[in-house]
Amino acid sequence: MNWGSLSNFLHMGGYALYVWGSYIVFGVFLVAEVALLLKRRRTLAHRLSQMHRLHIKESHETAS
Amino acid sequence: MNFRDIAWFKYSSPASFYFLAGKMIPWFWAAAAVFAVAGLYIGFFVAPTDFQQGEAYRIIFIHVPAAWMSMFLYVVMAGWAGIGLAFNTRLSSMMATALAPTGALFTFLALWTGSLWGKPMWGTWWVWDARLTSELILLFLYIGFMSLQAAIDDPRRADRAGAVLALVGVVNVPIIYFSVKWWNTLHQGASISLMQAPTMAATMLTGMLVMALACWMYSIAVALMRVRCIIVERERHAQWVSEMRGQLK
Amino acid sequence: MLEAIGLECVRGDRRLFRDLSFGLEPGRLLQVVGPNGCGKTSLLRMLCGLMAPVHGEIRWEGASIRSLAEDYLATLTYIGHLNGVKDELTALENLRISSALGGTHVDEPAAVSALEKMGLGGREMLPAKVLSQGQRRRVALARLLLTEAKLWLLDEPLTALDKAAVAFVESLLAAHLEKGGLVVLTTHQDLQQPGLGTRRLELGT
Amino acid sequence: MLEMLRWVIRRDLVLAMRRRSDVLTTLFFFIIVVSLFPLGVGPEMNLLRTMAPGVVWVAALLASMLSLGRLFSSDYLDGTLEQMLLAPQPLSIVVLGKVAAHWLVSGVPLVVMAPVLGLQYDLAADALLILTASLVLGTPVLSMIGAIGAALTLGLRGGGVLVSLLVLPLYIPVLIFGAGAVEASASGLGAEAYLSLLAAFLVGALVLTPWATSAALRISLD
Amino acid sequence: MLEMLRWVIRRDLVLAMRRRSDVLTTLFFFIIVVSLFPLGVGPEMNLLRTMAPGVVWVAALLASMLSLGRLFSSDYLDGTLEQMLLAPQPLSIVVLGKVAAHWLVSGVPLVVMAPVLGLQYDLAADALLILTASLVLGTPVLSMIGAIGAALTLGLRGGGVLVSLLVLPLYIPVLIFGAGAVEASASGLGAEAYLSLLAAFLVGALVLTPWATSAALRISLD
Amino acid sequence: MLEAIGLECVRGDRRLFRDLSFGLEPGRLLQVVGPNGCGKTSLLRMLCGLMAPVHGEIRWEGASIRSLAEDYLATLTYIGHLNGVKDELTALENLRISSALGGTHVDEPAAVSALEKMGLGGREMLPAKVLSQGQRRRVALARLLLTEAKLWLLDEPLTALDKAAVAFVESLLAAHLEKGGLVVLTTHQDLQQPGLGTRRLELGT
């Protein structure tokens, strides 16, 4: 185990800005990519159900 | 038994692939998580401090995997795109489209982490070194691919135009990569000095490899998720899509 | 002998037609008619191989046009909505070059006399930019006087033409059919000349 | 087939002559970009001599790129390109003809002009020779690669900028080896390795790009 | 009148947005061009620092010039420009609107991006500031001057050598004073003189160019 | 009240017409006819001030259109050979913007209903690029439904239109004349609807 304490760990031997700057941006971007994907999926689901409703309405109208 | 009956090509239809991918995604996520935890543990708690670079070298555990992924993904993307162009298989083109943003992301991250590493080590955020420059060009290639596809409304045309570009671009990749030899290379020198501590090289290497595996798993999972979205978007008028509309949420 | 078998055309979200089949023998003219946007231009572009049908196949003398490739292209002449006339070139240059592209090399006197027949006498050396709309169309159509292609695919050849020119083009079509040629054309105006061996194909109904 | 090639080249040259201003603009652009740097950077000759190959090559590359717009788009807009796709000859021939004409119009003047401009930067005679040789080998490659980009972005209006985004990354190897040749000869190393690599690019491009460009054209016109 | 201005600007912005990547690609073009010079010249930082202002300015000029194509020519080809000449408002308003939209789409992103690119060339903070200021003042002038050229070249019948001779030199003062401002500040002299000259150019251009462009358009469409 | 007095038109070396005079009262339609290249388009462009006549003058309500400048432009709508339809914009945007340029600000529902009347219902949101030739022409002509201009100058408005659309446009013209509007148009097809208050002007004879 390299680190005596949490603050030592966070300090990263004076390179905190660079190390955490890398890791945090790395993590944030990956998470953001997934989040954007999930959002894309949700809007897609929304659009699909809308399309479906419209479709049903149309076929109903032509039938009557 | 007839060869065709084995349904080798069954999963090359977007509909069946959609469901297959749905089943595979959780497994890749799990693998990505396991490898990431292991890799980070090795990186932060097993690997010792570097006697030259201090703790700053720990950026390596994300920098190198990101840099590797950026190059691999481009080649894989061009491969899928080429298959799509040659055999007119829609699914492979969709795979190519799905890979591009992830590839661009890893390219950006390699640049970002590299810059953050370069400031303490080289004293500057950016130099016009061959490695760095070629990575930047790779980013432009990804962006070109995505912009071209975004600029074309018809998805089939976008697929095929993108494929031509990706294939032409892949010729460029090794050229850029090997041009390292014609430049003075700050990047390479630094990495060699790092290798001088042999005990560390072993743990460092494992850490790097495990993190690289995590990135692989992540990329696959994300690409599969994105390709599922693309499939649904493109096939929104198909019967099977409207049937499984409820499962999307 | 041109055959279309079970063609289907999809543009964007819209299916323009499906299961469209027809055959056309030498000496016959097929007039494709239908309202705006019904897919006439799309059909013509399929027939010359610029666009691939979603389903179905097009055959020329029994062989798929895909497999014939350039051999098929050598037998056809296509004139589309756009004239393919370059503003900066003279009428004469335009005609000679478009003929050369189509595989027929034409010397200057032949080209001049074709332009004269098309009513462009004395305007051969003007840049196409200054020509009127109808005159530009005439430059494009002058190719028909010089081509040896057997199959003519014409997309609204008669737009912008005055009545004399319309009559002249119709007589050209008649002469081509006479010689055993095939013509597929679209137009919103009715053809005046009877006996062009006309068959009609209604789209979009 | 050669007949066709000749016709296409001749046609494009005639068109270029009719629009002489286009051709001259490219050349002026090249001259101005190159001449601007001595003004901007100041009179130190050593500095200028080091920059020279890079500046000339970047200027050539940009000039060639700027003229890509007229390669296919006007033919596309007025329907001529459709006719070319329907020509009973392989499309690659037409493409090759158009690219050759493009090079004659936009590449050759640069090659001719480059030694004169190099003099402004006080380049030695053999460096000028190498510069010219590298341009002779490199500018056709630029035209050929550019054609792919121009074909891919056809009909996407405002595609002028998109073209540059697609094409510039592909230009970079040519730039690096082109400028590298001159630098190598200036610093006493031989330039042969660079020049033969450029020649290899040229051969490779001659073989591959007409095919890629034809494919792109077919896609754009579908 | 303002209503009309708003409509024209809005229309052109919508058109630019329709090519969703348009704004971005102008930017990336700018970035790529700026990144090309180090590739051609080699990686020595001192050399790069001296070239930086010139390079950034040349790139800005190119980006703005490349996008000039879409300013009038597509409206000319499809007949919209005719309609604009027939609009019951002074033509200068339409011109001003189109130029403003052009600047918003192609100028502003460059201004925003320039400091980041300056960092690549290791420029100091105050040099970066001056660079940005000079671009803010200079790029609208480029758009306005370019508009005259674009309008005149619409009706060119081959004899337009005069035009390119006329327009490209007009860019040079802007370039020289734009790049000069940064160099002056880098070498410790004040950049104010340069910047106020650029501001004067801007005012002059605002007054004169819409008129000149309208006249050019009328001539081209006669 | 539109008057042309002693117009002369010269293009290049060619004098297309001279001493051309006519007047047109409200409620009347002037159909300009003549063979290709006789100067119909040139005449229309003169009438809207895009081109200056070599001799002669054009007057609107007694005043020269040169002196009226923008006031005259506000009273007219011109639709030329070219559609003025932008490929990247949707049909709806094209219509709203071209109307705005002509001085009429149209809100979205009004524009949509105009497009629907022109037979483009359901295609309002498609980029004009994918529309067929006739549909693009319809987008351009939809402006006539929205403009308040009194004088319509139409250069071959009926090209590329199918028969239903031709009939519709003619009914539009009739309604405009009814309201006291003026129309000058060129066409090679004869107008079907009688009683459009038609006067013919023959050029090039």
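Just a few scattered comments:
Each chain gets a letter, A, B, C, D, E and F, in the order it is written, and its residues are counted from 1.
Keep this in mind: contacts are C-beta pairs under 8 Å (C-beta built on N, C-alpha and C of every residue); 3 or more make two chains touch, one makes a residue touch a chain.
Note that the coordinates shown come from a computational prediction; the quantities given were computed from them, not determined experimentally.
The most distant chain from chain E is C, comparing centres defined as mean Cα coordinates. Top-ranked chain pair, ordered by C-beta pairs in contact, is D-E.
The centroid of the Cα atoms in chain C and the matching centroid in chain D are 37 Å apart.
Each chain gets one centre point, the mean of its Cα atoms, and the points for chain A and chain C are 54 Å apart. Taking the mean of the C-alpha atoms as each chain's centre, chain D and chain F sit 45 Å apart.
Of all residues in chain A, none touches 2 or more other chains. Each of residues 18-19, 77, 156-159, 162, 165, 168-169, 172, 176, 222 in chain D touches at least two other chains. Within chain F, contacts with two or more other chains are made by residues 81, 87-88, 127, 130.
On the side of chain D, the complex with chain E involves touching residues 18-21, 24-25, 28-29, 32-33, 36-37, 39-42, 47, 50-51, 53-55, 57-58, 61-62, 66, 69, 77, 156-162, 164-165, 168-169, 172, 175-176, 179, 183. Residues 11-12, 34-37, 40-41, 81, 119, 123, 126, 130-135, 137-138, 156, 159-166, 188-189 of chain F are the ones that touch chain C when the two sit in their complex.
Residue ranges on chain F touching chain E, taken from their complex, read 48-52, 70-71, 73-74, 76, 78, 80-89, 93, 97-98, 100-103, 105, 127. Chain B contributes residues 85, 137, 140-141, 143-144, 147-148, 151-152, 156-157, 160-161, 164-165, 167-169, 171-172, 175-176, 179, 182 to its touches with chain D in the complex. If you check the complex, the residues on chain D that touch chain B are 145, 148, 152-153, 156, 159, 162, 165-166, 168-170, 172-173, 176-177, 180, 204, 208, 212, 215-216, 219-220, 222.
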